[in-house]
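A single structure is presented below for examination.
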Amino acid sequence: MTLMKVEKLTKNFGGLSAVSGVDLTLKNKELVGLIGPNGAGKTTLFNLLTGVYSPSEGSIDLVQDGTTVSLIGKRTDQIAELGVARTFQNIRLFKNLTVLDNVRIGLHNKYGVNTFSSLLRTPGFYRAEEKMTEEAMKLLEVFALDEKADYLAKNLPYGDQRRLEIVRALATDPKILFLDEPAAGMNPRESVELTQLIRQIQKEFDLSVVLIEHDMSVVMNVCERIYVLEHGRLLAHGTPEEIRANKEVVRAYLGGE
Amino acid sequence: MLQVKNLTVHYGVIEAIKEVSFEVNEGEIVTLIGANGAGKTTILKTISGLVRPTAGEIVYQEDIIQKATPRAIVQKGLSHVPEGRHVFSGMSVMENLEMGAFLRRDKKAIRQDIKKVFDLFPILEERKDQDSATLSGGEQQMLAMGRALVSKPKLLLLDEPSMGLAPLFIEQIFRIIKKINEEGTTILLIEQNAAVALEIATKGYVLETGRIVESGAGKDLLQSEAVQRAYLGA
Amino acid sequence: MRMLNKTNIGWLALFLLVFALIQGAVLVGWIDAFYEIALVTILINVILAVGLNLIIGYSGQFSLGHAGFMAIGAYAAGIVTKQIPNYGGLLVGMLSGMVIAGLVALIVGIPTLRLKGDYLAIATLGVAEIIRVAILNMGGLTNGAAGLSGIPYLSTWFIAFLAAVFVIILIANYTRSSVGRATISVREDDIAAESLGINTTRYKTVAFVLGAVTASLAGSLHATYFSVISPDQFTFMRSIDILIIVVFGGIGSLTGSVIAAAVLGVLNVFLQPFGSLRMILYALALIFIMIFKPSGLLGTKELQLSKWFNRKKKQTQRQPVKQKEAAR
Amino acid sequence: GASDVAGEGGEGDTIKLGSMFELTGDVSAYGTAEANAVSMAVEEINAGGGVDGKQIELTEYDTKSQDTEAASAATKLATQDKVSAIVGPATSGATKAAIPSVNRAQVPLVSPSATDDSVTLDDSGNVQPYVYRVGFQDSFQGVSLATFAEGDLEAKSAVILGDNSSDYAIGLSKTFKENFDGEIVAEENFTADESDFSAVLTRIRNEDFDVLFVPGYYEQAGLIIKQAREMGIEQPILGPDGFGNETLIDLAGAENVSDIYYTAHFSMSSDEPEVKEFIKNYQEQFEAEPDMFSALAYDSVYVIKQALEEAGDTSPEAVNQALENLSDFEGITGIFSFDENHNPVKSATIVEIQNGEEVNATEVSPE
Amino acid sequence: MENFVQQLINGLSLGSIYALLALGYTMVYGIIKLINFAHGDVYMVGAFVGYYVINYLNVGLIPALLLSMTFTALLGVVIERVAYRPLRNSSRITALITAIGVSYLLQNGMIYLVGPGVRSFPQVVNNTLYQIGSFQISQMQLLIFGTTIVLMGALQFVVQKTKLGKAMRAVSIDSQTAELMGINPNAVISFTFLLGSALAGAAGVLVGMYYNSIDPMMGYAPGLKAFIAAVLGGIGIIPGAMVGGFVIGLIEVLISGYGNSMIRDAVVYGILIIILVVRPSGILGRHVKEKV
């Protein structure tokens, strides 16, 4: 079943077309890779899909309970509420907050009570807070971060920060999760662990994952389908095997051994 | 060329580096590898004068430099490509490169060296008037490297230069590193990508929580079982 | 009853203790009429600083217009209590001031809170000036530049104390809740917050409105305690005074704001006999304190009774090495 | 706690007097001039043997030009320092802020220069029992100036240029308008911290009028006169006692200061020995010219001295009684008594300046 | 119409004073992101230095300007060294509070030393009035206007084109990395203060002479206006400071001249807010959405 349909998506910065005419579909519960040379427009594409940038042209539709919603013109937070979550290429945690609070903020829209209940501490407030903490701890446990719930996010090692960002995104209860270079800065061993983790959450949380990554061991291992971008255009699209065999992709991106 | 002797560095009360000693000889590529948080970046920052050590000595070309300012150290021909790129956002690509040549006076030669950087990274030439803040991650990495090269260093400190680069480009960047090394620049390299780094390194050191636990020729280390297990996840 | 947990009872006990101490000092005569003025000034400043800290410290919005909202509350209470000189009038005045201040904050907040940093600072400064000029031009209602005098003396230190406690509880409740965390997330990284579905404009506005409403309350107390108000009591410099308290206490620490208001209040009393030297001494004190305690008295730390009670349960959090935070 | 050694108002051989002025902040120029004169007067009195043989002990506070500080300083003087009377502050706003404090403590306060009519009266028109002033009230000056404009200057139309954020200007404009039978052609405003008045002056230049009334202080008035004259506005300029400082002429440049008329409490070129003495001493002690602020403050101290002598007692209540009944006080700003509203009943001098020199003085008495 | 042209002249002349101060403001802001509240007070000190050297050393305008600029330049460097440098790595608002402290100190220190009163500035140049048709413009107005334009051009050139200027920008973006390029951030920052404060000193003398009035509080209002002008134009942008200054000067004058002067300040701020809502990074600022 189609979850997201993107057509002719284009983003121009001055004279530069960072993304041009990209078509893309995303089905329920699949793992998709997005690769391409540096500056190909991958991050920009994510930014368009999550409302950080507004596209110059094209359409983005999200299928929800059988009805189609256009994401064009929606704010980032509205898109997030529709079930689209992401992580960032340069980690953007709430650095001075604890690990637990980072996740609880992700849970805010799901459980948070309104301003008045918070100001006046109604019984509902205490219930909601408890539930939120409980669920946050549960999520952290999945990623083996529960031990560090009280740490300030900025004091976590790099690898943990990347994982925490994923937990935080998952907390919003998304249907689609966009991960921008989750393995950057990790050593090969940590990358392998991450690969397993991505597979696991895709299953456990029933979601579709789109992943930008330059580490081919990760991409080829987890993705069912891969899109390749070059100069803002779609260069190729197919299974990992097809992509590996695609001469164009090898020329533009993978390089020969 | 560079000797680090019994270096100890503290962040507040935390001891990030503990009595580390190593040596880089002229013409070598030396690599430091280690897990996240092992202290690699801290060592580079201490060498270039951004962080002050609590104990130990750093000798660069006969000069003791652990008390010198970064400016003085740069003047001696040492250049540092920091972790996380740190391009001057708000300045164009070209201006960033010019900043790399801040201490140089030879205008003509600078222009030639910038040209050389553009040959190495053609995409930078295409983007030369673009605000460096809006470059893609990989482009910024190239810019940071190019900027260091313009200063014509004798010793180049590289902190994870391959981070965020496309595979094709990682190959290229290591080729470039090798090339500049062959052209006479000594290199101290930090890499997560231990396999590739050790491949080109003359020698390597393995760092674990602020201590050097193993060292040897690059190729030998690559074979070492400890390295294999701990960092390559084989 | 979750409300009656140990922590809340602890807070109640703390407030009662402080009250009893002050009341005792008043009865014994240690706090005479002069010290009472200082005390009420401190309490009013506590309300103002705690409210401004919500805006600056928690939602990360740089506002320089707090005095404007204070003026609204002062005039609302002044005008109403001159007509109805009793506690009913005081209540009506306070509430109407709070409603007006809240509405004004809402109306100006929605367009201006998109602005960042100093641009917002100028906009809020402008809002406060507009409020002031409006008051200057309202003819007999506000009595223009001469202001209102002879406002009934209705607020006592006790009422100011109650109001301060009320505001502290309200704002502490707000910051230590899910909406409070959402507000903080906007300060920490608005782009990341948006990506988590948090409507940043909404939380900035809520904090701004809450801050304005409490400032108005402080203004009402001010008017009905000092009996005299005029537009030039609510200039830009008044906003700066409040800002100084917030920064001095620690941006993002409500406890800090309370302590700083008290410390600066005492310092002011102490400097009063120095005549024309007092402002020089005050300026020097300000510079030295900031240089030696750049993050304010408490940084972002709070007095947390919950920590105190649960100390045995939780291992103390490993405090990170103090990190020099780049200016943001 | 406060010491309870002394009876109220000092004991034995000293009399306690409180002084509270704007020594820092916006209006510190006026406050400082007054505080200087107060301390000079006290020194003089003490050197001359004090009051009934008792020395005056002066306690001075700064009000930072802030109303709440005025309330606090007044309370401190009245309750902790237990003074017999208070002199200050300079402005109406600060004086009004101090009223609740002195009322509660029942200590008299004499403000040298609070001119707003409502300073000595409460909302229902009753007199404030503990507050007195030595300067003219706004309505008196407004009336005098309006009469002078119509009579001596034969003005049929006027333009008013005042500071919209100052109660002084507003009070003066109001009574001037009410009492001037001619036409008010325009009413323009500026704010106290401005130096550039060219925009309003350009606007005024095109109006047809006979006299320009500038209810304000010398700092702005000096600049207004200069800029107006340079721009070719030649009509007479009329001002209140706030013009009364030599600096006005320096600021405007003597060549521009012609056809200027203002109400004065005393004339700097007066031949009265007391005035001469005052000017000389002030110049010596503070290396500055005294102005109307300092003259009024100087007189305020002597008003209190007279009250103390008449009361024969240093208790604030007794001093207050004596002030209520004070009559025929002879000071450098004139001879006066307090009326039932605690305002001085004295005549004003309207000074005329031509080419930077005082050339004429017209006496205007209260009706 | 005649009046309108005269009012434009009035507005530009007032605006050029704001702009002159805003230039120094924006320079300092541009490099350390500090709202240097003491800038207006340095201007005040500059005016007083001019006053004293002219009165006691009997010098002319140019030597007075130079002496005053030298003095304020040194003052600026000392202020930076003592009060701001220790806070280089603290939050911006902390540094702002210190700047307010310095401002209070200069103001009240001056009140303490010379008294709070206003004094007239010695007129060493003849302020000739030029009558062109029915408009007037004075020599001082032209001088201030010209100085502002020239300085703006010179500063813009320094910052954008010279090596030192680029170093200033680099330090402002990332001083640690700038250090790695061989730049000495402390020297660069000191230089910026030197330049900015010298400008303030010059402005103090010129404006003091123009209005013929100086006092220890004279820095407050124009300082605030200059800050607003700098922000309005796009803070850190040198031509922006000038544009912001002119815009505020013109708005103020046109409202006083044609609108209701009673509510002038409210209208001025209202217009400012509208401009900012439309252009959230100031008139000349580019609103770049942060790349994520």
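All chains are identified by letter, namely A, B, C, D and E, in their written order; residue positions are counted from 1 within each chain.
Throughout what follows, contacts are C-beta pairs under 8 Å (C-beta built on N, C-alpha and C of every residue); 3 or more make two chains touch, one makes a residue touch a chain.
Owing to the predicted nature of the structure, the values given are computational and were not obtained by experimental measurement.
The fewest steps needed to get from chain A to chain D, moving only between touching chains, is 2.
At the far end from chain A, in terms of centres built from Cα atoms, lies D.
With chains reduced to the mean position of their C-alpha atoms, the one farthest from chain B is D.
Per-chain CA centroids place chain C at a distance of 32 Å from chain E.
Note on chain placement: the centre of chain C and the centre of chain D lie 37 Å apart, centres being C-alpha means. Annotation for chain D: residues touching 2 or more other chains are 24, 26, 28, 32, 164. With touch defined as above, residues shared between interfaces to two or more other chains in chain B number as follows: 134. Among the residues of chain C, those touching two or more other chains are numbered 136, 191, 276, 279. Of all residues in chain A, those touching chain E in their complex are 43, 47, 52-53, 88-90, 92. Residues 48-50, 69-71, 74-75, 79-80, 82, 86, 88-91, 95, 98-100, 102-103, 131, 133-134, 147, 151 of chain B touch chain E in their complex. Interface residues of chain A facing chain C in the complex, by the touch rule stated above, are 50-52, 75-78, 80-81, 85-86, 88, 92-97, 101, 104-109, 111-115, 118-121, 123, 125-126, 128-129, 132, 150-152, 154-155, 168-169, 171-172. Looking at the complex, you find that chain C touches chain E at residues 56, 62, 108, 111-112, 114-116, 118-119, 121-123, 125-127, 129-130, 133-134, 136-137, 191, 236, 240, 243-244, 247-248, 251, 276-277, 279-280, 282-284, 286-287, 290-291, 294-296, 324-328. Within the complex, the chain E residues that touch chain C are 33, 35, 83, 86-87, 89-98, 100-105, 107-109, 111-112, 224, 227-228, 231-232, 235, 262-263, 265-266, 269-270, 272-273, 276-277, 280-282, 290, 292.
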